[in-house]
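Listed next: structures, encoded as structure tokens.
Two complexes follow with subunit A in common, the first pairing it with subunit B and the second with subunit C.
Coming up: the complex of A and B.
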């Protein structure tokens, strides 16, 4: 909290949204995404973490037609447009579920500081690296 | 210290709303500030005045309402989560063409921006529930 940036007009804090649940079966993933989208308007330093069953939220080819629930997975691919560009996925959680990065959607953003080059938003990190990411946050919302 | 409180589970099924209440009450009694209590997910169900638990049980909504009155607490129920679950204030019920409202005293309905703002303005944002 001591290294919190204060621009004078506006406080910028480091926000981390921790996603730990599968996308369907409970509403946590969808309502977490709603917070992320609304929160983007506040121009904070936002990161998302996906661990435990939360890694399923980023799976390719989600199809909810047979369960009568809206498939909201395309929204993750639009996060770059909201300047949400740091998605940390825990490697161990993927491996424990027999998944790899190839099973995840391709999520990118255009880097305005680098001639709008298209860059990947997803970063695979191991458990201890994710712990370090968490340690440097000001606000953590876990869903 | 200035606290923000987030309640993510409804009353009675989970203990989160009780623990959040005890925590909020304690920090206020110790002289700390609570910037806002934000009710999200099923937590919005804490904010209906229509709950009637058996008489020998704690009344979670009433506990919160009384705490809000005593300390002039700002208690916000997320509008998107509330609409999904049928928590309405008078204005919102009217706007949606519904025949009644159920928001409890001390609670108000507002947007998710109030949660982000609580995170920005509080020294610590403490979440209760899964």
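Coming up: the complex of A and C.
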């Protein structure tokens, strides 16, 4: 899979990975993240959505020492290196859980087309805006 | 399956990646490199140390495409390119250098 970048003509599809579960306790969040990272090698147009308990995946200051599993939250900050730069977070889900954008990690990417300027990857959207994002996708994978 | 280094036994998987990441040290790295027919010099170490720092920060071993971009960003384009990194690690800079760095196989490599 190392050298799949230059395969000539490609059809680029819009992929949305929907994350709805808390980061630990089930394997969904980690599996989703791994699929995103692996899928990034195929150079598609990838977005991630975080809603319901999925918003907890992006929380700052996660500490898993007492539950004996790996804290994979730092990996979300590497998504920009994988050219995954669109993370949509549903406002209502944050509010229902007493959270705000300040409770989330700062996730940025460097825009190659704009002199490597650092830009935020997280976009807060309300429920109807997220529905619109979903409507324009070719493929939606739900975790 | 294991490596023997300085009297210690370090387990590895069927492809040679160590299973206990905390068991890594420089002597072990040199031994793994030797198995890969690589004679470690400063340039190899620079990449290996870069990967270890990357893993420390992001908890992930980058795929080769990402590694090249990240090296370019941090060390400049003389080093952040396919030719330079493949010259150092002919069987894949991410795969081989991660193995030597005591990291898991890069995510996105099959």
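In this section, the second predicted complex is superposed on the first by the 135 of 143 C-alpha atoms of A that agree within 3 Å, B and C clash if a C-alpha of one lies under 4 Å from a C-alpha of the other, contacts with A are read in each partner's own complex, and residues count from 1 in each chain.
FYI, a contact is a pair of C-beta atoms (placed from the backbone, for glycine too) under 8 Å apart; a residue touches a chain by one contact, two chains touch by 3 or more.
Keep in mind the model is a prediction, meaning the values are calculated, not measured.
In the superposition on chain A, contact of A:81 is made with subunit C only, not with subunit B. Using the contact criterion defined above for the overlaid structures, shared-chain residue A:136 touches neither subunit B nor subunit C, since it reaches no partner. By the touch criterion defined above, A:111 lies against neither subunit B nor subunit C after alignment on the C-alpha atoms of chain A. Of the two partner chains placed by the overlay, subunit B and subunit C both lie in contact with A:34. Once the two complexes are laid over each other on the shared chain, residue contacts for A:44 go to subunit B alone; subunit C is not touched.
Residue contacts after overlaying the shared chain place A:96 against neither subunit B nor subunit C. Residue contacts after overlaying the shared chain place A:72 against subunit C, while subunit B stays out of touching range. Shared contact residues on subunit A (touching subunit B in one structure, subunit C in the other): 1, 34, 38, 41.
Put simply, subunit A touches subunit B in their complex at residues 1, 11, 13, 15, 21, 27-28, 31, 34-35, 38-39, 41-42, 44, 138-143. Within the complex formed with subunit A, the subunit B residues making contact are 6, 8, 40-41, 80-81, 84, 111-113, 115-117, 119-120, 123, 125, 127, 130. By the touch criterion stated above, subunit A contacts subunit C in their complex at residues 1-3, 5, 34, 37-38, 40-41, 70-72, 74-75, 77-78, 81-82, 110, 116.
Residues of subunit C touching subunit A in their complex: 57-60, 62-66, 69-70, 73, 92, 94-95, 107-110.
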